[in-house]
Amino acid sequence: MAQEFLEKKGLTHLNNRGEAQMVDVSGKPITQRRAIAQGQIRMALSTLEAIEQGNAPKGDVITTAKLAGIMAAKQTAQLIPLCHPLPLHKIQVEIECDRHLPGYQIRATVGTKAETGVEMEALTAVSLAALTLYDMAKALDKTMTIEGIQVIEKTGGQSQTSDK
Amino acid sequence: MAQEFLEKKGLTHLNNRGEAQMVDVSGKPITQRRAIAQGQIRMALSTLEAIEQGNAPKGDVITTAKLAGIMAAKQTAQLIPLCHPLPLHKIQVEIECDRHLPGYQIRATVGTKAETGVEMEALTAVSLAALTLYDMAKALDKTMTIEGIQVIEKTGGQSQTSDK
Amino acid sequence: MAQEFLEKKGLTHLNNRGEAQMVDVSGKPITQRRAIAQGQIRMALSTLEAIEQGNAPKGDVITTAKLAGIMAAKQTAQLIPLCHPLPLHKIQVEIECDRHLPGYQIRATVGTKAETGVEMEALTAVSLAALTLYDMAKALDKTMTIEGIQVIEKTGGQSQTSDK
Amino acid sequence: MAQEFLEKKGLTHLNNRGEAQMVDVSGKPITQRRAIAQGQIRMALSTLEAIEQGNAPKGDVITTAKLAGIMAAKQTAQLIPLCHPLPLHKIQVEIECDRHLPGYQIRATVGTKAETGVEMEALTAVSLAALTLYDMAKALDKTMTIEGIQVIEKTGGQSQTSDK
Amino acid sequence: MAQEFLEKKGLTHLNNRGEAQMVDVSGKPITQRRAIAQGQIRMALSTLEAIEQGNAPKGDVITTAKLAGIMAAKQTAQLIPLCHPLPLHKIQVEIECDRHLPGYQIRATVGTKAETGVEMEALTAVSLAALTLYDMAKALDKTMTIEGIQVIEKTGGQSQTSDK
Amino acid sequence: MAQEFLEKKGLTHLNNRGEAQMVDVSGKPITQRRAIAQGQIRMALSTLEAIEQGNAPKGDVITTAKLAGIMAAKQTAQLIPLCHPLPLHKIQVEIECDRHLPGYQIRATVGTKAETGVEMEALTAVSLAALTLYDMAKALDKTMTIEGIQVIEKTGGQSQTSDK
């Protein structure tokens, strides 16, 4: 009963006894896959201005956050218990200053050629880039919030559905 | 000029040439410190119901997310480039079903006795718990969003300020 | 002399001077491979009963041990010096209460499509699941023993032999 | 009811709702602590002889297993979900050939000065040393078994009891 | 302008806005690739003699350094921010005593079948083997220097050029 | 005999049977400790100029290398088999363009308050910063060499000697 329900509904990380497992992807074809995730960090305008000014000569705050995102994407399978370890062919993290937020918009694009998708890698990259921005500005601002982390595009795999 | 500005404003991860560094905390006293962070994942009500029903017999989705948060907190200094490696004395992750969201409310409490605070550990725990919930439900729902990740309490250190 | 001996006998991690190396698998065909390992943890019956009763409402002890096993399998090549890093397509850890032992029976199944086998991944999953059960019950019982860790099935590769 | 039971019985990794947590050790005194664990790997006598002969000139099999045990002890808190990250002051792994087993006896001694004990570090060192011996001999022998992993001494902490 | 310059010159880790990224290798063919790197550690002759004599019965210093090199090669993508995670088919580290240096010559050979090369893995293996030799002899000698770390052979990929 | 020799000479990573161990530092006092290491990467002048020009707008090459050095310092005990895991209070990596080399001069300063020193952390930071510079310029230049990695200052501990 419950099993049928789960199978229909697709909670594929739970096996037919409701227990956690890393699902078997060995029967899936290897295809080019890409996922794009985004998110943002909201902060006081004065914090944003301090980063932008302090940042101007060297770009370190933004670069540090980008690198943290890229490196975290490569650690996704170590961080998320039921994710498959995958080769990754491309990881790009973009961070844009948004004075209207105010804060930063973060976007991560991850590509691979594998049996399963990379949206968790993209989401992990966005999350760690945001946390790193937080870390570097937290002495200035105790009220920052990380928001809107979501997948905005996923290609490859059957009918573009999330099947990892 | 820029240096004076940075010193006054407190972008302590940037040294006086605007470059990234892991700030020296050796002069700080060791005190009991605690940080609490929260966040949430929003999903379709049908997704929430599927998890809650499928979850009933074993609790695996929620437990998996909690453990991912706890384990990620212990990895914080490896994930966030300029964070100090710290001993951690307590990590607790709580996840509550919220039918009004609909989705889950996540809260992490981290404690230590150290020269610097643990808000990044608490934020990292919340973020990875949320990402793990996402991972386990993503076959059901492509529109989930992770939101509202913020620090809600920080004690210990000078005047309760963020000084890591 | 010694070299010939080693070649015949198959101590393939030692090269012809008796030194450690990670053996070259690039000439091997990529095939579907699977390994199953098992093991057990023996404890006082009162410990087992405490876990089973305390465990009932949330399943946390067993789930935590399973997840530790799954996550450790993904770390095998970082933990065992001469293991090859491999993609993994499936990891399943099963833990059964055995009142006759008394204790828990643990079984791990790992699958991949690669040049070399995954028995070390399966054995690592069993070992860390057992260690995690130990960790969670050690306040109750100082006399637990982990036993009988072995490979019970290995398929794929030439003549089903261990050739990693 | 269940809570009282757990408190009395000491399943300290479960909080009063039966959920997993990393227990708070901040109230505990820092003391010198030491733990010794042991285990063994059983193999065919011919396998043991092959290792001992091949091993003679360089000692690589045994040294590799010792180092794997030492390095794994340092990773314990990353591998076992609810273990505390601790400084470690000493890690020693001893491996003795036992022709009567036949196989190898493994013993690990770990020391620290901390709020909680190091038996999990000692058990992890023994387990990974045994797995590494398995890995290095598996081309010779498909019937090896890892056995008898247990704590044989634990000092430091209140009344020498396991309280991590 | 700058972009064209970069494209011509090949600073492929910088995208057309001069920002860090992990370059997209998904369009590249999978080929057999191999890289060999070398380096050396220079020390006092008396240090070298102490290691060689102390080392004789067990070979531990050299074996420890080799294993550190092999294990580090497998961590390359976690250590070097813009490196791609790759399967590795072979890792060999050789360390030779050189009384004329005096010190040790280190050489690492790494092989894979992938879209991009493995020279960073070979260089990382040499570097960590050298650092481990340093660590094991540093109580004897404060003047050791690690030198001459370079790639000496790279095969596979287009026209044997470095394109990772 | 051999043991006495080793004890006198100070190969403290080898115990009295010549085997690898992580030495016991629990009897040592906790003191403020600092180590500074340096090294350099030599490259073609045209490569240096390309980096400096491409680098101007964003500083990414240098920042990426600095961050890689800082993050690697935090991983030292995972990378070097017999190093003790330590809290780190300060990590600074400086990279200066040297047109006379031509190439980059790298310097790392690490501080802690612990029972043992941090020269391996400083050397590891320099090594990984150098490897990252190599990685980012390798498409331009196949003849780069990493050189002169050494400790230039070590304070704290008994008589400023290396005793880790």
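Going by the order they are written in, the chains are A, B, C, D, E and F; count residues from 1 in each one.
One rule holds in what follows: a residue touches a chain if its C-beta (ideal position, glycine included) is under 8 Å from a C-beta of that chain, and two chains touch if they have at least 3 such contacts.
Just so you know, these numbers come straight off a predicted model, no measurement behind them.
Undergrad: Same or different: at the subunit A/subunit F interface, is the fraction of residue numbers used by both copies above or below half?
TA: Subunit A vs subunit F: same; shared/all numbers exceeds half.
Undergrad: Count the C-beta pairs in contact for B-C and for A-E, then report the pair with the higher count.
TA: Here the pair linked by more C-beta pairs in contact is A-E.
Undergrad: I'd like the angle of the rotation relating subunit C and subunit F after CA superposition, in degrees, nearest 5.
TA: Angle of rotation between the two copies: 180 degrees.
Undergrad: Measure off the straight-line distance from the CA centroid of subunit D to the CA centroid of subunit F, and report it in whole Å.
TA: That gives a centre separation of 30 Å.
Undergrad: Could you put a whole-Å number on the gap between the CA centroids of subunit A and subunit B?
TA: The mean C-alpha positions of subunit A and subunit B differ by 15 Å.
Undergrad: Please list all residues of subunit B that touch 2 or more other chains.
TA: If we look for residues of subunit B contacting two or more partner chains, we find 19-20, 57-58, 60, 63-64, 67, 71, 75, 81-82, 87.
Undergrad: For the protein chains shown, what form does their contact graph take: line, ring, star, complete or other?
TA: The chain contacts form none of line, ring, star or complete graph.
Undergrad: If you go through all the chains, which pairs of them touch?
TA: Pairs flagged as touching, ordered by label: A-B, A-C, A-E, A-F, B-C, B-D, B-F, C-D, C-E, D-E, D-F, E-F.
Undergrad: Applying the document's contact rule, which stretches of subunit E touch subunit F when the two form their complex?
TA: Counting only subunit E, the residues touching subunit F are 2, 5-6, 9-14, 17-20, 39, 50-51, 53-58, 60-61, 63-64, 67-68, 71-72, 75, 79-83, 119-120, 123-124, 127-128, 130-132, 134-140, 142-151, 154, 161-164.
Undergrad: Within the complex, which stretch of subunit A touches subunit E?
TA: 32, 63, 66-67, 70-71, 74-75, 87-94, 111-113
Undergrad: Within their complex, state which residues of subunit C touch subunit B.
TA: 58-60, 63-64, 67, 71
Undergrad: Which of the residues in subunit E end up touching subunit A in this complex?
TA: Subunit E residues touching subunit A: 15, 19-26, 77-78, 81-82, 84-87, 114-115.
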